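Order as written gives the chain letters A, B, C and D; numbering starts at 1 within each chain.
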Amino acid sequence: MKRLVLAVFVLVALFVTTGFAQTLTVGFTVSNTGSMNVDSVEQLHGFELWRDQVNAAGGIKAGGKNYKIQFVSYDDESNSKRVQQLYSRLILQDKADFLFSPYSSPLTATAAIVTEQYEKVMLTTGAAEGKTYTLGNHYLFQMFTPGAEYLKGVLDMLKTKDPKAAVAFVYEDSSFSVSVVNPAKAYAQQLGFNVAFSEAYAPNTTDFSAIIDKVIASKSTVLLGGGHYADGSTLARQVYSHKVPLKMVTLLVAPDSPKWGELGDAAVGVIVPSQWEPQTAFKAQYGPSGADFAKAYAGKYNTPPSYESAGGYACGLVLQRAIEQAGGPDTAKVAAALNATDITTFYGRTKFSTAANEHGLQVGHAMVLAQWQKDKSGALVKQVVWPLAAKSANLVYPIH
Amino acid sequence: MSGILASMIDGLLIGSVYGLAAMGLSLIWGVMDVINLTHGAVIALGMFGMYILFAAFPVNAYLLLLPVIAAGLLLGLLIYWIAVHWVIGRSQLSSLLSTFAVNMMIIGIGTAIWSTSPYNVNFTLRGITVGAYTFDGNHLAAAGAAVIIGLALELFLYRTRPGKAIRAVADNREAAELMGISSTMVLALAFAIGIALAASSGALVSTLFPFTILSGAGYQMKSFVVTVLAGLGKPLGALVAGVLLGLLEGAVTPFIAVSWIPLIEFGLFVVVLVAFPKGIFARATA
Amino acid sequence: MILRRPVFWLILVFAALMAFVPLHANNVSMREDLILVAIAIILASNLNLMIGYTGYVNFGHIVFYGLGGYVGLYLATVRSWNLVLAALTAGLVVSLFALALGMGILRLRGAYFALATIGVLQAVQSFVANFDPWGRSTGMYVAFDAYERLGGARHALWTTYFLVIGVMALSMILSLGIKISKFGLGLFAIREDEDAALVLGVNTTVFKAIIYSVSAFLPAVAGALMFYKNGMIDPSIAFEFMLSLEGIVMLMLGGKGTVVGAALGGGLYEKLRSYLLTSPKFSNFQLVIAGGLLLLVVLFAPGGLIGWLYRLVPRARKVIE
Amino acid sequence: MTPLLEVSGVSKRFGGLQAVSDVSFSLGEREILGLIGPNGAGKTTLFNVVNGVYKADKGTIKFAGEDITNRPPNEVVHLGLARTHQIVKPLQDMTVLENVTVGACFGREYLALQPARKVALEVLERVGLAKSAEMSARSLTIAGKKRLEVARALAAHPKLLLLDEVLAGLNPTEITYMIGIVRDIRDSGISVFMIEHVMQAIMSLSDRLVVLSFGQKLAEGHPEEVARDPQVIEAYLGDPDIAEKLKEND
């Protein structure tokens, strides 16, 4: 009899808890393979840490209910054609309630078309290109500072150190890098720099010797550009092995990854515009502090978080808060809550534009600059060097 | 030193690796009239072969070419028996598709093992600096190795019995059979050597650039261009044409954006193919 | 007369089912799967005109699909043309391009032609990746208001779906029409022995150029529709060499030279592929399985599924064309 | 009366080999002209130049009053000059009927599919292949394939037929049958220009003979005159078998 009572009790308890703790499905694709692999997996780790913490805390509490988070994801092979097929599947077959973006601008832009066609909220992270937000969407929200801002800080910093520098732009011919470099080129000229050389290289380029020979011939003294991890790390290696006489090298995205240290001497001195660094201490109004996040992340993955990881985690936080504010997972209400969002988390300020011609564009968040330096023991570490207010070390200039 | 000269030297160095890759394609095409579409996949396997060997035995990477070549020969025999032997004598479409099928399988298995993420062979030789320009030590070594392997093949074809048998079969398969040469053995051998050449060129590339399992495709395309420029069944011609292609790339890049190179190369390829279907260098003897 | 062919009516019934089943069930997910099946059938059917009918292996067939996508998207978004008009214009432009190109490269035979088509694909891709009006390697995007003209995104997606199904039906009818025509007979003669065909009076140069151009038209129209539906285009997805090669696999699988075989191969392959792609166990082995299938077909059943059916039931040859 | 075919001063060279040099002859309506000569004399090359497979380096070819020098083979067929091949070229994976229909469709009258099929059936009847109409060309015997060659050319409704060794490789019964077909063709008003190694047959069939050796015309005339020509016998000495046969025929 006792047993029966116990069994009934357990069943009822199960029923009650499952009744209260509903499950929300968040869908996205990950580049488990292909050129975006390294960055994309770091972003995934950010997502996963957020999910695990939410579920451990009993789910998102909104409108008197608890919502646990469940992920559905597929490998997009870093291929934008797959992305559309898979996001359609996530929406239609897997009935995802909310979506996160894949990693990288072109993949995100293609996914955005599908999510917008089916009117699903998608938070984009790991995608800084801004053109997508001018196409007239309503359900897209960008976590990253748009590309146009990426290299402005570097040029401002260079202006203080070496106003006579001859600048070379060598960048991937991808929507993200182009969206970064075009405004940067204009800004460099506006600041009075000599833009000595500028050339885009095809995505998946592995042999940079022709371009490097041209950089040398142009007598450039600083190099700005890059694209993503695969091409950026290759470019840095070859710049190093060809002993190009440069005083500064700034590359997009790639040097932010903890894997960058594996390049050894080729890694030293390289600067990366970053969405976030563990050293930047924002006062979080919502969610964990930067230190807590970094500690939890390192505890789970045995490596410090990159800004892709931080972006992934912050993406979850912002969605969580919007669901709480909306009082449930209703798409229109959550979208409205996101439109009204203006908060500071460990990741910095987040605010989305609500103007019709750039809806969802990130307008609150700001960049920092990090440089790979050797510490006293000779180990490679990434230090924040700009803005000066947030710096953790002085800029090394020139590199050699 | 001027930028153009430096660029041309860089082109020449990488061109010899293109040439080595093309030698394998050219040999198989010329001897057995099979366009080997496993070429790119085998080049990629050569890259990963070097990666695995270097991880196990971190000696001078160029010494590891020897085991890569040996493994390439075995792989070549295997592919020959799986996909080529049965379609010899059938239409060219059959061998085109059967080798392509093997290509898909290799890429598929490779993707399952290594995903399509980039890998590196962390081996660096000291470069040579001339003025502002430094020529990468690995590029110099790889070019040297490519030329040595190419010349070794030429010696093999002209100075040894099996080499002469290969040339005889390439010339006239029926006549060679009448003279008591087993064409099956010779075809299998030629195919194996072609595959070994492709694998060795992949191994050389792996010491220069990062690579993925898909990287072979680009070198396969270059091999087509080089083979067509050189004319079929002329392995040494392929080596020379590869070097010339590299030189051409080096000579034009100072003046135009690098992104135009494929258009020039493949445009040239199509035009040459249409104008001289037997190859530019083959015209004199045709 | 084409109306007397059972296959003609089979095609119509098939297309009608493809169009109305997802509509009736209002099943968007089914529609998204079927549109990819339709695209596969369009590509395989038109490729069949070259490989199956004329005996010329085109490795770069996808170039027509991609160029059609670019021209169509450019006209429909940048120039704000009506979608159907933009797609038809894209087909026409690409066909003319193919005609001019064909005059040159169709002088080559066998493997040399096959190689030239790879060269063409690479050269065109590289050109487009450097072409400013089409957005270089970052491509072009459809602004969402472009869908408004078709009554909003949801409506636009159904419209493009029906158009794609229409193109699919046309592709199969075109294949059938050519197969039972004098023009088709001339093509078959070229496939079997080009020199003999010439001596028998077939103007091989003109026939080859025309079929090359014809085989470009519907894929280009389909490309325009599909990339409009997808909302964006860039060189790497427009000119995907792998898709070009998969077209050949589909054709070999179904049975080259037959109308039904091309469609069957296209449909089955796409179904298999999307199953493998999303199945956690096999997603990595998609290529291995496709490659293995192709190898088996090439070595043991060069006639594909339809060829196998013919051998099993010889009378099927009369009905299933 | 102008001759149907008039070849004047035709030469063809391949690299270092002068395959045909300065050959002239003519062929009248309803005539059977034989072309003989030792192996490698350039007979098939001459055929190929006449019907436009090869371009002539020098010389002109007139057919039915039109200059057809260097016109492509497909146009030559439309004018009414069809041919067969020494090494048969059946369209392997097509049926016998389809093979012959191709000939009718793209021949002199450029028939539509339905009438072409009717013509093809008639022609198959004439060459005795009617029963094999639905077989694939691949499955024919060598004799069947030779007849198929002739049928395809005939279906084009030519004024002149070039026959390249249609008797080679046939057994005596088949040879007799084929000779009957050739006579029948001529009787239906078609001129014939034929290469043949079966001496007895060509001697009895031809109205006139042209002899080629090393690409040059050695002799031309009535078969009996030609056979007695010492130059011709000399040329065939490299091939004693045939020289012997020539004498027998004498």
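Just so it is clear, a contact is a pair of C-beta atoms (placed from the backbone, for glycine too) under 8 Å apart; a residue touches a chain by one contact, two chains touch by 3 or more.
Since the model is a prediction, treat every value here as computed from it, not as a measurement.
A.B. asks: Chain with the smallest distance from its CA centroid to the overall CA centroid?
C.D. replies: The chain sitting closest to the overall C-alpha centre is C.
A.B. asks: Count the C-beta pairs in contact for B-C and for A-C, then report the pair with the higher count.
C.D. replies: Result of the comparison of B-C and A-C: B-C.
A.B. asks: Taking the mean of the C-alpha atoms as each chain's centre, how many Å separate chain B from chain C?
C.D. replies: Centres of chain B and chain C (C-alpha means) sit 32 Å apart.
A.B. asks: Between chain A and chain B, what distance separates the C-alpha centroids? Give it in angstrom.
C.D. replies: Computed value for the inter-centroid distance: 40 Å.
A.B. asks: Where the CA atoms of chain B average out and where those of chain D average out, how many Å apart are those spots?
C.D. replies: 48
A.B. asks: Residues of chain C that contact two or more other chains, please.
C.D. replies: 129, 137
A.B. asks: Name the residues of chain B that each touch 2 or more other chains.
C.D. replies: Touching at least two other chains: 111, 257, 259, 262.
A.B. asks: Which chains are in touch, pair by pair?
C.D. replies: A-B, A-C, B-C, C-D
A.B. asks: In the complex, go through chain C and note every residue touching chain A.
C.D. replies: 28-29, 32, 36, 129, 136-139, 141-145, 147, 153-154, 157, 230-232, 234, 236-237, 240, 274, 277-278, 283
A.B. asks: Can you name the residues of chain C that touch chain B in the complex?
C.D. replies: 51, 57, 104-105, 107-108, 110-112, 114-116, 118-120, 122-123, 125-127, 129-130, 137, 241, 245, 248, 252, 284-292, 294-295, 298-299, 302
A.B. asks: Over in the complex, which chain C residues touch chain D? Could you list them?
C.D. replies: 181-182, 185-186, 188-189, 192-193, 195-204
A.B. asks: Quick one: which bits of chain A touch chain C in the complex? Just the residue numbers, please.
C.D. replies: These residues of chain A touch chain C: 74-75, 79-82, 84-86, 88-89, 92-93, 106, 109-110, 113-114, 116-118, 131-132, 134-137, 173-175, 178, 200, 202-203.
A.B. asks: Residues of chain D touching chain C in their complex?
C.D. replies: Those residues of chain D that touch chain C are 51, 53, 72-74, 77-78, 82-83, 85, 89-94, 98, 101-103, 105-107, 110, 112-113, 116, 152, 156.
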